[in-house]
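Letters are used for the chains, namely A, B, C, D, E and F, taken in the order the chains are written, and counting of residues starts over at 1 for each.
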Amino acid sequence: MRGFYIGRFQPYHNGHHTMVSTIADEVDELVLGIGSAGDSHSAHDPFTAGERIMMITKAVREYEREHDLVTYVVPIEDLNRNSVWVSHVQSMSPSFEVAYSNNPLVVQLFEEAGIEVRQSSMFERDRLEGSDIRQRMIDGETWRDRVPDAVVETIEEINGIQRLRTVAEDDVVERWEAKNGSGGESARRDDD
Amino acid sequence: MRGFYIGRFQPYHNGHHTMVSTIADEVDELVLGIGSAGDSHSAHDPFTAGERIMMITKAVREYEREHDLVTYVVPIEDLNRNSVWVSHVQSMSPSFEVAYSNNPLVVQLFEEAGIEVRQSSMFERDRLEGSDIRQRMIDGETWRDRVPDAVVETIEEINGIQRLRTVAEDDVVERWEAKNGSGGESARRDDD
Amino acid sequence: MRGFYIGRFQPYHNGHHTMVSTIADEVDELVLGIGSAGDSHSAHDPFTAGERIMMITKAVREYEREHDLVTYVVPIEDLNRNSVWVSHVQSMSPSFEVAYSNNPLVVQLFEEAGIEVRQSSMFERDRLEGSDIRQRMIDGETWRDRVPDAVVETIEEINGIQRLRTVAEDDVVERWEAKNGSGGESARRDDD
Amino acid sequence: MRGFYIGRFQPYHNGHHTMVSTIADEVDELVLGIGSAGDSHSAHDPFTAGERIMMITKAVREYEREHDLVTYVVPIEDLNRNSVWVSHVQSMSPSFEVAYSNNPLVVQLFEEAGIEVRQSSMFERDRLEGSDIRQRMIDGETWRDRVPDAVVETIEEINGIQRLRTVAEDDVVERWEAKNGSGGESARRDDD
Amino acid sequence: MRGFYIGRFQPYHNGHHTMVSTIADEVDELVLGIGSAGDSHSAHDPFTAGERIMMITKAVREYEREHDLVTYVVPIEDLNRNSVWVSHVQSMSPSFEVAYSNNPLVVQLFEEAGIEVRQSSMFERDRLEGSDIRQRMIDGETWRDRVPDAVVETIEEINGIQRLRTVAEDDVVERWEAKNGSGGESARRDDD
Amino acid sequence: MRGFYIGRFQPYHNGHHTMVSTIADEVDELVLGIGSAGDSHSAHDPFTAGERIMMITKAVREYEREHDLVTYVVPIEDLNRNSVWVSHVQSMSPSFEVAYSNNPLVVQLFEEAGIEVRQSSMFERDRLEGSDIRQRMIDGETWRDRVPDAVVETIEEINGIQRLRTVAEDDVVERWEAKNGSGGESARRDDD
């Protein structure tokens, strides 16, 4: 049986990694869908799809042997239309029988399309860890112990911490404006 | 004379319905434009264009006879460019002589294009009712008395309340993050 | 040497104008890139690309003679994908050797692409003036002394203050909803 | 039961009209989907979605009474991605149980999605009539007897024959270039 | 009075240049709109918008002095929807009172929008010269005498002839396939 | 060293497979980019990205062991703008030092971006085989000996030959129209 597990993986961390290990016991093959694949260089989405592909492919390699698991790592660009999102995912991914997610919208969309979804309480925790790790990277706190080694390597190779800190500054200005300026402001990649 | 009345109709409610009745005295034919037609499955836009077409078409049927009114129900997808929005609407709709709206941006865009716009104080109230009704649906309070019967039928047929509650959960997590996390976060349809 | 200076120029004001004067001493030719060229008719982006082209072209004409400077005014539509933004800018602009910006994201993107970026503390102030001037226009306070004369002319010719006030109302309703309603609301160009 | 019948309807002609009459005996409600709704002003797609909505709505009104048929006329913009096309159609249309088409791609897409498709030999003829009627309009031959009266009215009201002839000239130049110039040429809406 | 003249300008040649000279006698200011601004690196559209901006800005400089003409050179990206094209152009360009074109579609669209269009027999010839000059560049025949000097400079600076020849090869393969293969083939930027 | 090899792989055939084997001797890791990833269900692009991922991942598995090669299979959606295509590819792919292609446009774009491209005469043959194999599938001639076993499996599992034949019919009608009708015709997924 083939399963599908989607995340933005900004970055791929130990929460995700544990989840993959759990799923590995239930399926023969697993597709890891990288959501919002076109987004990068923001505080919310610092890493490109290509960078995330490297992180994940290298991190799950050990499971491939241990669990005799076949994995596919597939970037999925946003289509910004919930009603066709499941079809989009299905066309970009090897076919799958079961989806793993705890995101309410993802669950709803897959279930309306008649696809089995498995949830677990572990997912919730997982869901909240990403922004936490990015904040630690920005603040200079320890983060290396919260992600697989392959992820540390990739982030260092691309000088990812520096990038994240720089683009996060942009958001700081924006938040300052949002609090003080005429609401609705949303800074872009240019001066005002 | 043909009039044009645009709304997101999430859902079509008694405020809209009264407005159509009022407009019906001024025009022979009325185009009901369904805005943001491509959006669905979110707390702000729970219903698809197709579902909204059903709600409205059935609800206004009584007016067609009563007021001897011809109606057209036309989904209008967003183009995300204010400067061409009027042309977009005109190309998707049977031609019209007068537009009905109280939305400041809509009024401005139509007036810059030289199209007559009629506003009324009723519109304002109408404008604010949609989110109220959606909140009542989420909270399990009464809402059926605030929409035409045809709308109740459609929402029950598609199991709309369950859908709205599920996708609204997604927004709850998001709001929690927005308050506590590193601003600028906007959850997507995938885990982090 | 040719330089590149990008801004949204909503509107082009004395901060920008001083900056251009400063840059003029360092380059022979200067490209003024108008960011978010497709946006208009909102409180954040009231003016069209065409209107901004007029403001800037007329305002910089004096510098062309004074500094013997060649200028190009180039609208740049958003591509909404940070990873290809530099290529997009390069394809829309005459080739340039140095970029001027103090926006952290712009600096990061140009530097990752190997393009020299020059920053100055003046830019920061400049960055924050745009929303201030728009607020003054909305509130009926003095603003004409903060922009070049050519900008005053263009804004008056297009009846820009009236437009800005009207579309800003839209945002007021939206903010009201955001504070009181069910979060995640973002009003569009249609009633609810 | 509700059926779905899609066409570009450029224009809606007697072949389509006969088909609707036939389908009317099999369904209670019929959705007429207007394909390529965003296209207009070309020799292949001369009429806007709004104009086609008028043609069809008025033409099928007689069937509504005769066959006690409820109809919905729904413009469907292209999404240019075959793999999500069925989902797109489903989200824009009231839900339907059976689709009518003889277009091989449409049949394939609906069938892969598990939706019943009904074909008939009549459809084939129907398929080929549209370009024939447009050619007759261009060449000044009789065409009024090949479309319902409501279509004649709409086309005359919008001065449609003149428009079609003018935009067809554009294609003539293009074909000339294609035959004589460096292949792959496709003229746009601007001089070379 | 301000005029608008649109072309793809691939490249800007003497036919265009003569036209600008003629128009210069009728207007005070002239907007040169660069159509299909996002297209480049193909046999039909070899040069980027930025490269075309350079060609034109430098070439028309002499007219600015001679005719006391103010010019604006504005790239216009395709929107691929004829029905909103005029609004798109108007939002990207300084406002204009008269448009110059001999392209039937452009004429039709502007006239439906109520904008005066001026045509002349000279335009026709002009229209056909672009592909001819590109073919000469590919075949190694003389072309420098058919474009202003500023255009020669730009093309040589960017090594444009080599680029055009290389991308034209791509089209040769494509045409070969089109003639021999299973119709509808259109090669992309990847092997098969 | 990491290499990048892009193709549409409709389907992945022995020509591609031999090429991968050759490249495997020159690199440690290889990214296989699947071009036009969003296209499917046409005579030119019958298979979805997900289906092609399966074909390739399974086919190259043997090389992974034999050549001690690490592979990444990455779908790349079209961006339809040549000038940003290299950036797009780079953001979707693990970083690479050398690209393999014989497609003139791909070579030109990579070289303008300063990326080394390796070509070989084998590529040319490879380039032409795809349409040939698709034609054989349509005509019922032997094709299984021209693709790796894993590809045969995938195509049979998805009933790919039937799909290809059906959608190719669509193109037949289209070609018929193109030859006989008013040029510029391009059939869509709907009747006329």
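One rule holds in what follows: contacts are C-beta pairs under 8 Å (C-beta built on N, C-alpha and C of every residue); 3 or more make two chains touch, one makes a residue touch a chain.
Predicted model, so just to flag it, every value in this text is computed and none were measured.
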Open item on the list: Once the contact rule is applied, which chains count as partners of both chain D and chain F?
Closed with: A, E
Task: Between chain A and chain C, the fewest steps along chains that touch one another - done: 1
TODO: Using the touch rule from the top, work out which pair, C-E or E-F, shares more C-beta pairs.
DONE: E-F
Open item on the list: Using Cα averages as centroids, what's the distance between chain C and chain F in whole Å?
Closed with: 42
Task: Whole-Å separation of chain centres (CA-atom averages), chain A against chain B - done: 33
- [ ] Could you give the separation in Å between the centres of chain B and chain D, each centre being the mean of its C-alpha atoms?
- [x] 27
Task: Separation of mean Cα positions, chain E and chain A [Å, integer] - done: 43
- [ ] Please list all residues of chain F that touch 2 or more other chains.
- [x] 38, 40, 42, 48, 81, 83, 90-91
Task: In contact (per the touch rule at the top): chain pairs - done: A-B, A-C, A-D, A-F, B-C, B-D, B-E, C-E, C-F, D-E, D-F, E-F
TODO: Show which residues of chain F lie in contact with chain D when the two form their complex.
DONE: 38-42, 48, 163, 166-167, 169-170, 173, 177, 181-192
Task: For the chain B and chain C complex, residues of the former touching the latter - done: 6-8, 10, 16, 33, 35-36, 42-44, 78, 81-83, 85, 101-109, 112, 123, 126-132, 134-135, 138, 168, 171, 174-175, 178
Open item on the list: Please output the residues of chain D touching chain B within their complex, sorted ascending.
Closed with: 37-38, 40, 48-51, 53-54, 57, 72-75, 77, 90-95, 158
Open item on the list: Please output the residues of chain E touching chain B within their complex, sorted ascending.
Closed with: 79, 81, 83-84, 86-88, 90-91
